[in-house]
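Same chain, two partners: chain A is paired with chain B first, then with chain C.
On to the complex of A and B.
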């Protein structure tokens, strides 16, 4: 078995050694532990059970209810309530997934165990990590956890999103909402600009004398011409975007004073300050030894197994998967590929051919949506975009196109949440 | 890679029956992303059309028209369908036709 796999797959001794204990356990069902109940992890858990109902699958997720980052900007804009972007795990349980609400705190790859915050240990035959992002506290001077309680990042959905929502509601008309944006890579490349759009929608309807200032560490951004066209059409004069070279790079934040200081020393005073800080893979990835010097996780693109630790699969925002963006859609399709690969490997078969896609809708205003899409495959261990596929919505189209993409964006959210958490509208 | 493994003759467009040469396990993975917009197994709960149970020929023709930029009402599907060869599109059409049965 070891020799055959090594010859056929070139995986080497590590993978073969991992297969041995499973065989030694005889006919007992293999156990896959999935850490993280978001877009990647919950998808993997569901599709592992769906693809092989004999598998034992345990999903470890700290929270009993999961609030999605996608569509959280619509909550900020007043177009959605928080309940409509919150999902539970009952339907996954009904699909035979054992759901444990605890934090995964440590991984022993040699012993093949994961240690939980309640002190218990789970043994696994394969481990899937879908931990999302963590904030690099202190990477931006002045921005630590205490600062986030005053100037929310709201880049993990939940209480932070609610805090930003409430600060925007409490702001006086005529105030300035300042967004501080990081250099890439970060979760959801178009997300900050959708957020600016949704806040602009709220201001236009409730606080029309208010302004939005975006201080950006980037020179250009995702779907930029489409966003700027939409801002011009819907919110003329309300949103000012400052690129890095125009002194948009913020080097220090004073959260108590709600001030952002740029590289050239200009201090911007905000009435509401949203700092989207530098990020890295979720903490459990580092604890498991799957991150590299960048703080992100290199993976084998044909199955989303760690490039560093065989037997551990990693999904979603935590991974280095470019040209796939860090998006919920990407994480979902990576979860499906990883689930199929794990099922095949545990059965001693070759993993099926990887195939991925991504679609990111952004809402600029009610009835005004735009999108970016891509189709991806794996070439050896590398994710590649299929040539000629994908791209962004056209610039020169009428309102019907934008309206349709706004509706399809809502349709996408309903479908993917049904696919992952079994949420019914 | 499927795109390399599928014989060129197939990619050039032969009878739908030959689309089944794509391995079923590969096809299941290829169909995975469709659910994200068209719903689990192609049954949509929202504004995007369901595709489960669409007649195979009709679905293939529609997808090929998207790919060729021949549907003036299309939005995102032309960009997505350009990521798949004709044999893959015919296999996906069959997959979702059979899902509906």
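On to the complex of A and C.
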């Protein structure tokens, strides 16, 4: 009798303990779903696992291989092959991240689920969206998906980049490469001008009678004096930049005729036409209800959680994070801040103090690099730049300085790709 | 003035009632008066304060640019072509007319 009573008592105590909700939660690992395997999402997935190996982390990414926008201009310039800017997910799998190759198509924030293109559903405790940009098709008259097959944007790296590369190779010497640039905000503020530089490098080596015409919706641009100094030094007379007030604003594109029409009626005929169109946050952000009327995603700057839907964190180009630019490096540091905040929050702690950094290297020619850098913090919910923290490369320096910055840029790319995808050069 | 205003008009021989689109841009510094020069002294304001578009003596639109307007202001507007006449656009600052531009409109 005595033995049986103590056994029953023991069972009673055990069941009582299991029924305690706090203990039950503590025993089941929380599940974080990360959508998007680029600079922001792949960073968050890795650092979530690194910060708490008990977390279950699923990375949802449509493509099995990721081609980076950073350094894709070097591919256009003939300085890199596509393989060297393409990354896989095996190293993330080895770090314990479950990688699912599917497209995320819907988010139910109340039920905390995400629906994938294969029809399956994933339940999450926290959701991270790092969807990059989507094109605002039709926002520029004449520029839709069919037009992009003739006049590539190449502003999402991959087949579009290859198309532009091949068109430039097929162009005859003496042709004109026309670039149409959007109003901000857009992905990678110095990117268009690095692209012009890299194409100028290719033309100078292979097609020296060719010209580059940049039709800009902006009045000035990132690192402008440095770019213009570099163009003058390396490619004198090859690149013409037309500002918005000089009738650079393009209002219509005829992709079949390879023509760009400006606001004041000038028709520019191109041999190769590159249209970098107006952009917005990647589609899943809108489906999740985290975008505002601008098409971008407002976030709490101290953790990169959506300002509109709690529990959903958003990273990178899709977010409104200025003064941080839309860059891969920005997304990388935002991914680390969000991962630390999620780990802390799931453990019932306050997130650590946020700190961000960014450097944008641009290559004007082989051995000729420039940069802009900044360090950022959060002031309440807003991202702010730390005064005096960064800056741009000096104008009055010799070739050794530019050569060193070109090397730092290559080093930056190698180290950030090792950090994110585990790619070893 | 660095150069005359740039103007573009969708159709200067519109049908009666056709919506005509106009684009106009002027080169102007639009100095707000809020900035300091290298010595820390305030840069005096230099702002456009008015813009009007008329068709003969009929006012089509009036705009009052202020400090928040960027340099080289660009404006785009539409009007319904109800009569022929001279489309006249005038940019002003506090001391008077800065620039003007005109275009004959013949409603067919």
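To be clear about the criterion, the second predicted complex is superposed on the first by the 399 of 425 C-alpha atoms of A that agree within 3 Å, B and C clash if a C-alpha of one lies under 4 Å from a C-alpha of the other, contacts with A are read in each partner's own complex, and residues count from 1 in each chain.
Please note the rule applied: a residue touches a chain if its C-beta (ideal position, glycine included) is under 8 Å from a C-beta of that chain, and two chains touch if they have at least 3 such contacts.
Keep in mind that this is a model prediction, so the values were computed, not measured.
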Next item on the list: State whether A:219 touches chain B only (first), chain C only (second), both chains, or neither.
Entry: second
Checklist line | First, second, both or neither for A:308, with chain B first and chain C second | finding: neither
Next item on the list: Return first, second, both or neither, reflecting whether A:264 touches chain B, chain C, both chains, or no partner chain.
Entry: second
Notebook entry, point to check: Who does A:377 touch here: chain B (first), chain C (second), both, or neither?
Noted result: first
Checklist line | Larger contact residue set on chain A - chain B or chain C | finding: B
Notebook entry, point to check: If you lay the two complexes on top of each other, which residues of chain A touch chain B in one and chain C in the other?
Noted result: none
Check: Within the complex, which stretch of chain B touches chain A?
Finding: 1-3, 5, 23, 25-26, 28-30, 32-33, 35-40, 44-48, 73, 75-76, 79-80, 82-84
Next item on the list: Quick one: which bits of chain A touch chain B in the complex? Just the residue numbers, please.
Entry: 47, 51, 329, 332-333, 336-337, 340, 344, 349, 352-357, 359, 371, 373-379, 386, 388-391, 393, 401, 404-405, 407-408, 410-416, 418-419, 424-425
Checklist line | Interface residues, chain A side, partner chain C - complex | finding: 219, 244-245, 247, 249, 263-265
Note to self: List the residues on chain C that touch chain A in their complex, please.
What the structure shows: 6-8, 23, 25, 27, 70-72, 74, 76
